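Presented sequentially are two complexes of chain A, the first with chain B as partner and the second with chain C.
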Partner chain A sequence: MAVPEVTLTHLNRADGSATYTHNGYSIIGAVNGPIEVSRRDEMPEEATLEVNVRPAVGVGSPKERHLESLLHNTLRSIILTRMMPRTLVQITLQVRSLPEEDEATGVNSTLTILPHLLHTSLLALLSASIPLLTTLTSLLIAVPTSSAPIISPTSTELLRAGPLQAVHVFAFAGDRRLLLNESDGAFSYDEWEEACEMAEEVCCSGGEGGVKLEGEGMDVDAQDGNLEEWLRGVVRRKVDWEQRWKKGT
Partner chain B sequence: MAATSTTLVLPGDEIAPGALPTGTGKRKTLKLGPGLRHIPPNTIVSTVAGALVTNSKKNAASVEYNSGRYLPYPGDLVIATVNGSAAENFNCLLTPNTPPAALPHLAFEGATKKTRPQLPPASLVYCRVVSAGKDSAPELTCMDPATGKGEGLGLLKGGMVFKISLGMARRLLTPKGDLVLLESLGGKVGFEVTVGRNGLVHVDGGAVKTTLAIGQAIQTVDDRALDDVAQKKLAADVMKKVA
Partner chain C sequence: MPREAEISLNEREFIKQALQEQIRLDNRAFDAFRKLELTFGEEYGVADVQLGKTRVIARISIDVTTPLPERKFDGVFQIFTEFSPMASPAFEVGRPTDAEVILSRILEKAIRRSNALDTESLCIIAGLKCFALRADVHIIDHDGGLIDASCIAVMAALQHFRRPDVLVEGERATILSVREREPIPLSILHQPLCVTFSYFAEGEIFLVDANLAEEQVRNAEVIVTMNRHGEVCQIAKYGGVTVNPLAMLQCTNVALQKVKEMSKFIQQKLDEDAKRRDAGGLMAELSAENAR
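Moving on, here comes the complex of A and B:
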């Protein structure tokens, strides 16, 4: 599995931003907040969350509205909204490019892009230093009728896999809680559970939890496709970049 | 950096009790800075991504990060922009698109009900944050409430404002945070630098040329994280431009 490429805090005017490229999907995310909220959306004890998804071509459609509501509900559960009452956290996600074969795979394109949108928004939130309850990792699992399930497939892999029985998207919190599940197709509960366990294996790390001390196996380059390890690597690079002036003096 | 150590943390990471300083003597209670959250009875969880900084001397821990929006904290020195004047306060902005902070008309040195300071919109004020709860608008002051003296706070005249990163502002405001750049420049030209914790620095070098050169030099040091040697070189370049 290819590891997503990330650029953090590259937009000048936004409070936090991230560009994320994986499997042909490229998304720019920007976060502004906490900022002033309009009186209509103000909530007395919580922050308001606004998610905008802009497609690569054309204007937003009901599909984008659907993605927005999925993202809104998932992100709401990981942002500490009660720490910033009567403010607004604005997340804008611009899809920059999709893989060429995206339309041809026949898979619901809401599902294929959802993990990438979730990762982009999380990275942008980290870049904006919005207080979060936990981190999030997400992936797509495709179950073909005739072969073994494919984890985080590219569009070409989906095309080659032949007819698909089911497609699942899972998102896990840092503490292995299941945050979001969207599934499409025909499957039994056992099959779903199997897919869920596979996703958990890739999304969450060893599970010892807690803070690892420096020099204790925190090798940034040793990414074996585990998404949590990948996320730690990204944050390690962000922190190193921010602290680099200390090395000079 | 003798008394401190750093560890990488992500939101939701539990801080192991071993990684936190243990208080001794009268500093028995642990102080938590930005980025950490206490969940009773004794779990400490980080809320942002950054480097965990602990200080065993002060028995304090916090997460250091250099991105995002400035959030006011009581005691911070900030450069506020006056947005308008209400009955008793000036409405000031610390960062764009946030609710205005209140700066009372009487919070200036020597101000009385009869002689109020007149500040037109868009003037810059160097002030201290008095209170900044999450449930109320932040409140600012331009004098020390104990003595009634200005102590360098007040209207910033002339000069220009430059944007710098929050980490750079924090670094410049620490007691030993003087830049080599500014020290070596200061030997040759006269100028005044005011640092606001909200990521702004106000430079007044008399002439526009000097002001611009110094402001841009500070931004360069921030962007490229220049070390002492490179800062000296930059200072020499700046001097050539100015002279």
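Moving on, here comes the complex of A and C:
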């Protein structure tokens, strides 16, 4: 599995931003927050969260609204909204490009893009230093009728896999809790559980959920495609970059 | 919905005072553009323009529809500009600000109404089928000069875009996919580009390519659109103080020089990109373009 490419904090105007490229999906995310909230949306004890998903072509449709509500509910559970009452955290996700074969695969396109949107928004939140309860990692699993499940398939792989029985999207918190599940197709509970375990294997690192010691996780960038390790690598590079003044030359 | 942070009175006075002393905050000359960067994506018709800290992405997409009944021989071409909170938290989705309305109006006048794109070439079968071309302008980062940057982005994307070829047999039209036939470039008649002049001190000083701080301080703007042959497509001035007509002429002269430089830059980038794509040197053989 190819590891996503990320650029953090590259926009000048937004408080935090990230560009995320993976399997032909390219998304620009920006976070503004905490900022002043309109009277109508103000909540006395917590921050208001606003998510905007903008498609590459055309204006937002019900599909984008659906994605926004999924993201809103998932991100609400990891942002410490109670630490910033009566403010607004504004997340904008601009889809820059989709793989060419995206529409031809026949898979519900809300599901294929969802993990990428979740990762982009998390990275943008990290870049904006918004207080978070935990991190999240997310994954798409496609289960073809005739062969073994494919983890995080590219659209060409989906095309080649033939008829699909089911497609699942899972998102896990840093402590291995399941945050989000969206599934499409026909499957039994056992099949779902199998897919869920496979996703957990890739999304969460092998450790006990604690912070790894420096040294043993040094070469996380060249790893086996574990998403949490990848996320840690991204954050480590960001912190290294921000702390460079401390290290001297 | 927060408001745009207004520039403080001290900053305002400082910028004005500095301009009186012939100094700009970023030490540019009065008629100098910021550093312009242009990159194209992997796919055709995506242009990413960076003008200083401003960043705009234009994306062209194509579809097949029925032409408008009163324009049977023309294809459809539309430009969509929608600001998102990414550029500034003051932009709200679904509620256009004045800047957004002005931007879309100027682009409409500069590119669509000046016939930069030959819409007749988008017609497939008169009255029945035509191509509908749409340009989406995404503002990624906002530091002034949106009109100039968006115009460059849309024009560059249009020149970079390739549309699929069609095969017409009587009433039947077949759209040939990229694999069957090499897609063909759009027929662009001329390349209009916008240059925005910001006026200060009651029309005494004019600046090219003002950044956001300067835009907030200025007392008027004049937008000149012209192509590199020196044909003026439109001049727009929204409010502000009255301007000496001779100064306007001076503006068009400066604009011509700027437009020539920018056209050259865009062409150079397009050539570089074409060279990169033309890896095996087979592009000329594959081309399905008709000579005009």
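Here, the second predicted complex is superposed on the first by the 245 of 249 C-alpha atoms of A that agree within 3 Å, B and C clash if a C-alpha of one lies under 4 Å from a C-alpha of the other, contacts with A are read in each partner's own complex, and residues count from 1 in each chain.
Convention: a residue touches a chain if its C-beta (ideal position, glycine included) is under 8 Å from a C-beta of that chain, and two chains touch if they have at least 3 such contacts.
Here the structure is a predicted model, which is why all the values come from computation and not from measurement.
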{"item": "Chain B versus chain C as contact partner of A:R236, first or second or both or neither", "value": "first"}
{"item": "Touching partner for A:G58 - first (chain B), second (chain C), both, neither", "value": "second"}
{"item": "First (chain B), second (chain C), both or neither touched by A:T135", "value": "first"}
{"item": "More chain A residues in contact - chain B or chain C", "value": "B"}
{"item": "Which of chain B and chain C A:G185 touches, first, second, both or neither", "value": "neither"}
{"item": "Chain B versus chain C as contact partner of A:E36, first or second or both or neither", "value": "both"}
{"item": "A:L11 touches, of chain B and chain C: first, second, both or neither?", "value": "second"}
{"item": "Intersection of the chain A residues that touch chain B with those that touch chain C", "value": "32, 35-36"}
{"item": "Residues on chain B engaged by chain A in the complex (per definition of touch)", "value": "1, 6-16, 19, 35, 37, 47-52, 64-69, 71, 97-99, 134-135, 167, 171, 225-228, 230"}
{"item": "Residue ranges of chain C in contact with chain A within the complex", "value": "1-2, 41-43, 46, 53, 55, 57, 59, 61, 80, 82, 84-89, 93, 134, 136, 138, 140-143"}
{"item": "For the chain A and chain B complex, residues of the former touching the latter", "value": "8-9, 15-16, 32-36, 78, 80, 83-86, 126-135, 173-175, 209-214, 218, 231-232, 235-236, 238-239, 242-249"}
{"item": "Touching residues on chain A, where the partner in the complex is chain C", "value": "11-14, 17, 28, 30, 32, 35-38, 50, 52, 54, 56-60, 88, 90, 92, 94, 96-97, 100"}
